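Each of the two complexes below includes subunit A, the first together with subunit B, the second together with subunit C.
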Partner chain A sequence: MYRPLVWLAVTLCLCCVGYMIIGARGPMSFVIPFRGAKIVALILVGVSISTSTVLFQTVSQNRILTPSIMGFDALYVMILTGAVFFLGGMTVAAVSAHLAFAVTACAMTLAALLLFSTLLRSAHNNLMRMILTGIVLGALFRSITDFMQRLIDPNEFAVIQAGSFARFTQIETDLLLLASVVCTIAMVLAWRMRFALDVLTLGREAAVNLGLDLQRVQMQALILTAVLVAVSTALVGPVAFLGLLVVSLARLVTPVESHGVIFISAGLISTITLIGGQTFLERVLQLSTPLSVVIDLLGGALFLILLLNGQRR
Partner chain B sequence: MISIRNLSYQIAGSPILTDISLDLPKRKISALIGPNGAGKSTLLSLVARLEKLQSGTITVGDLTVGACSNRELAKHLSILPQMPDHVTRLTVKELVSFGRYPYHQGRPTDEDDAAVGHALALFGLTDLAQRSVDELSGGQRQRAQIAMTFAQDTEYMLLDEPLNNLDVAGARSLMALLRELSDIHGKTIVIVLHDINYASRYADWLVAMQKGQIVVEGTPAEMVTPALLRDVFQTDADIYHIDGVPFVMV
Partner chain C sequence: MTRWYWVGVFALALLSLISIFVGVIDLSPRDLWRDPEALRLVGISRFPRTIAAVIAGGTLAMAGCVMQMLVRNRFVEPMTAGTGQGAALGILTVTIFAPQASIFLKMGLASGTALVASLGFLAVVRRLPPTQPLLVPLVGLVYGGIIGAGVVFAAYQVDLLQFISVWLNGEFSGVLRGRYELLWIAAAGAVLTYFVADQFAIVGMGQAVTTSLGLNYKQVVLMGLVAISLISSLTVVTVGVIPFVGLVVPNIISRLCGDNLRRTLPLVAMMGAGLTLSSDIAGRLIRFPFEIPVGTVLGVVGAVIFLWLLYRTPRYV
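And now, the complex of A and B:
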């Protein structure tokens, strides 16, 4: 077993135990299911974000872009808001949360495929064009969402409020079961692609030379990315820079070019960041700063550093 | 044999290749030469299915490019790829191991490991096997990449301007290596070259291209003449023969 992975796993266990027991008052029969559900949700979010980021970085052949920088999660929120805007909040609220999630996730996956597969084909070796397009798309989705949210009734806004900004304290736990199933399936599929993804890191030409069906692998990876982003956005809302932060850290901690290892280490680091960070902020600092602010501050700084370093090279 | 029939290719309406029909001989080194923009690299990428065929057919041995599966073709034909810069943390051995991917799809057998070991030994990379690729010099890196395509164990090998970043020593040893691959291992090699002298010295068969068409093909001795330089390359230069090999006085 690869040693850093063991240390990460141990750290994660400590974080989980800390999250469960620190400051626990009241009967354990209440605390365990209550906090347990949150931990499961944080784990799902953590691995969804890290895996989707690794997938997207490999497909887009760079180490800077992440699905959220490219506006995947903004797309999810836009579609959800669009549904409330056009169908009415009561219609959306009346259908079960599961159905709403399923429909939104499917619509988002389709839209993401249309948008990003063309982008990958036309700008695959032009990082600056990809970044620009991503930032413009993200801004576009967010403005459209904003515009629609301003027009709808405040009562209806409550339906989508949950998905509009990142929060780790109130998690949509009613989606937990469906999210875990979807997430598990996506993880298994991503895991089975790991060797093909290793080949893809050698570059398009080398991948074709080695007999990879480039189109198919890219499509699969994009679909999985979109589905995983949908899972994490549905649970905790858009988290801008977590993916970039944890995957870059994973590449430092486990400096090997193997997707098998990177998937695991990025997933572990991601869940450690969420659960450990949440334990610290929620229990030790008594919620004075939201975790998403800290993550975005660190991740945003890292994004700038990577971008400026890349420019100089 | 690589057979190309009635191949045409255009990008955004402007023709890059026009009605090319060409047979490239087996177990020989064929060099595509010609001025910049003649379509040599495009022709090579089409054979290697890096670009999609628009019209015409290409067959490599029994396989038809575009009709047979990518994976099947990868066991018969390899191209020395252009690699992105960030593939830095792979060791030489890991890089060479990728050459076996068409066979094992990620789960190498003993046979695959043996093939990798053989490729490393043949290319003098055994000592460097555990070094990471970004620590290598340009020539060593090129060698490692060719070792990878050798480990792929294909009958046909394509190389697009492999001498570009090499100094004289690197270029000569690479060409000598290709000669060995063709003479001893029976590989059919197609190479795009800028330098006619390297083509003349090391290739068996030259194909001269100009403006997307094949102008003339033949052995170096009959091909490299003042007329070729004048008509194809638009330059006047003297040709000298040394040991029967024609050289351009540059």
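And now, the complex of A and C:
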């Protein structure tokens, strides 16, 4: 057993216990299901964000990109808002939350495939242009979302308000069952791809030489990325730099070029950051600032450092 | 060249007329000399709003143009590269520590923090390799994003989130007589910028050329940064962050008419004013009688134009 992973697992258990116990008042029969659902959601979100980031970084062969930097989650929110805008909030609210999630996730996967597979194909000519395009696309999606939200009836707006900004305290627990099923399937598929991804890390030419079906692996990884981003966005909303932060940390803690290890360590670090950070900010420091803002601040600084260092090397 | 001037003046005059007669209260040109109430409406609301959009758009486009010369990169602008967010940080600081401070103190401090933020951006850009031109806007966007996240963080702590959102998304609906006059200072700054425009054009050719032509490089750069910070912070204080105007307008003008700033800056200003004014009119009309902020309209329009600029086949003239 790889030792750092054990330590990470122990830390995660401690964080979970801390999250459940600290500041708990009232009967345990209420506290445990109430906070337990939140912990499950946070674990789902953490794991989907870290896995989607690892997948995307391998496919784009770049260590500073994440799906959210490229505008994946903004795309999800835009499609959800578009559905409310064109179909009416009552229609969307009337069909169950599960169906709305499924349809939005499918639409988003299709759109992401169309958009980002063409972008990735141009990546080896001009990486900077691709990143810049992704960021501007993200800004564009957010502006269009804002634009449609201004046109929507305030009553209907309530349907999408939940999905527009990241919050780890109020989690959409209705979607928990469906989200965990989808997430588990995606995780299993990603896990089974791990050796193909290892080969892809060697570079395009080497991977093709070794007999890897490059197009297929890239497509599969992009689909999984889109689905996982849809899961995390549906549960807590867009998180900008969390993926970058935790995957970079994971590469520091477990410096192994094996996707099997990186998947696990990134997932553990991601859930530790979410659960531990939430416990620490909310219950220990009693800050009112949401965790997502702190992560944005740290992750943004990290992104800048990575960008500048990568250039100097 | 002069043909473009006339097109610009005519289009801007037409847009201003439309802007004066578009709004919730019905107003037709005939009312102006029949109804004293109509004149009052124009004086208090419609005219200030129109002139604010013209000044903000024109000066921001000029600021973007100067910044592109200073950084020697076509894809930057003050509002997304930290200057605008720096100004917001300054306003927030004053509001927290000295809520009763006069508007001039607020503006002064906002300009100061905007200047510091732009100096920081310039220091980072200097360390980037010249072989990767697109790295500069990328770093700028992230740099602006970090300062923005810092503003949100501080605002959350003191419950001022709603307060700062007024500044982080620009709109003209709050502009009335007595509430926009600070923008005239920005206009004066822009006029002064025009008189030293050729110095900025020379700085755009690099430090070596500037020095060998007998200019004090550092002094011109600092002067440019002060102008940019002043214009951006005044815009942020009065109407809020207006994205993409400073980015797309100088690019389009440079494509049409070249880079002789002394000749092109008036065109840049006119087109920036026209773009902002038409976005504001569109924002007023799309969901009449409600309004869509000009920052949102320009966020959509500007991002699309930006992507087009990024992917157009380069045309070497």
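Criterion: the second predicted complex is superposed on the first by the 310 of 313 C-alpha atoms of A that agree within 3 Å, B and C clash if a C-alpha of one lies under 4 Å from a C-alpha of the other, contacts with A are read in each partner's own complex, and residues count from 1 in each chain.
Operating definition for what follows: a residue touches a chain if its C-beta (ideal position, glycine included) is under 8 Å from a C-beta of that chain, and two chains touch if they have at least 3 such contacts.
Only a predicted model underlies this, so the values are computations on that prediction, with no experimental measurement involved.
Once the two complexes are laid over each other on the shared chain, residue contacts for A:L14 go to neither subunit B nor subunit C. Counted by residues of subunit A touched, the larger count belongs to C, out of subunit B and subunit C.
Once the two complexes are overlaid on the shared chain, A:G211 sits against subunit B while remaining clear of subunit C. By the touch criterion defined above, A:V103 reaches neither subunit B nor subunit C.
Of the two partner chains placed by the overlay, neither subunit B nor subunit C lies in contact with A:A111.
Of the two partner chains placed by superposition, only subunit B is touched by A:Q61; subunit C is not. The touching residues of subunit A, when paired with subunit C in their complex, are 126, 128-129, 131-133, 135-137, 139-140, 142-144, 146-147, 150-151, 240, 287-290, 293-294, 296-297, 300-301, 303-304, 307-308, 311.
Residues 48-50, 69-75, 78-79, 81-84, 86-87, 89-90, 94, 98-99, 101-102, 105-107, 149, 152 of subunit B touch subunit A in their complex. The touching residues of subunit A, counted against subunit B in their complex, run 61-63, 194-196, 198-199, 201-206, 208-213, 255-257. Of all residues in subunit C, only 75, 124, 127-129, 132-135, 137-139, 141-143, 145-146, 149-150, 152-153, 156-157, 159, 169, 243, 286-287, 290, 292-293, 296-297, 299-300, 303-304, 306-307, 310-311 touch subunit A in the complex they form.
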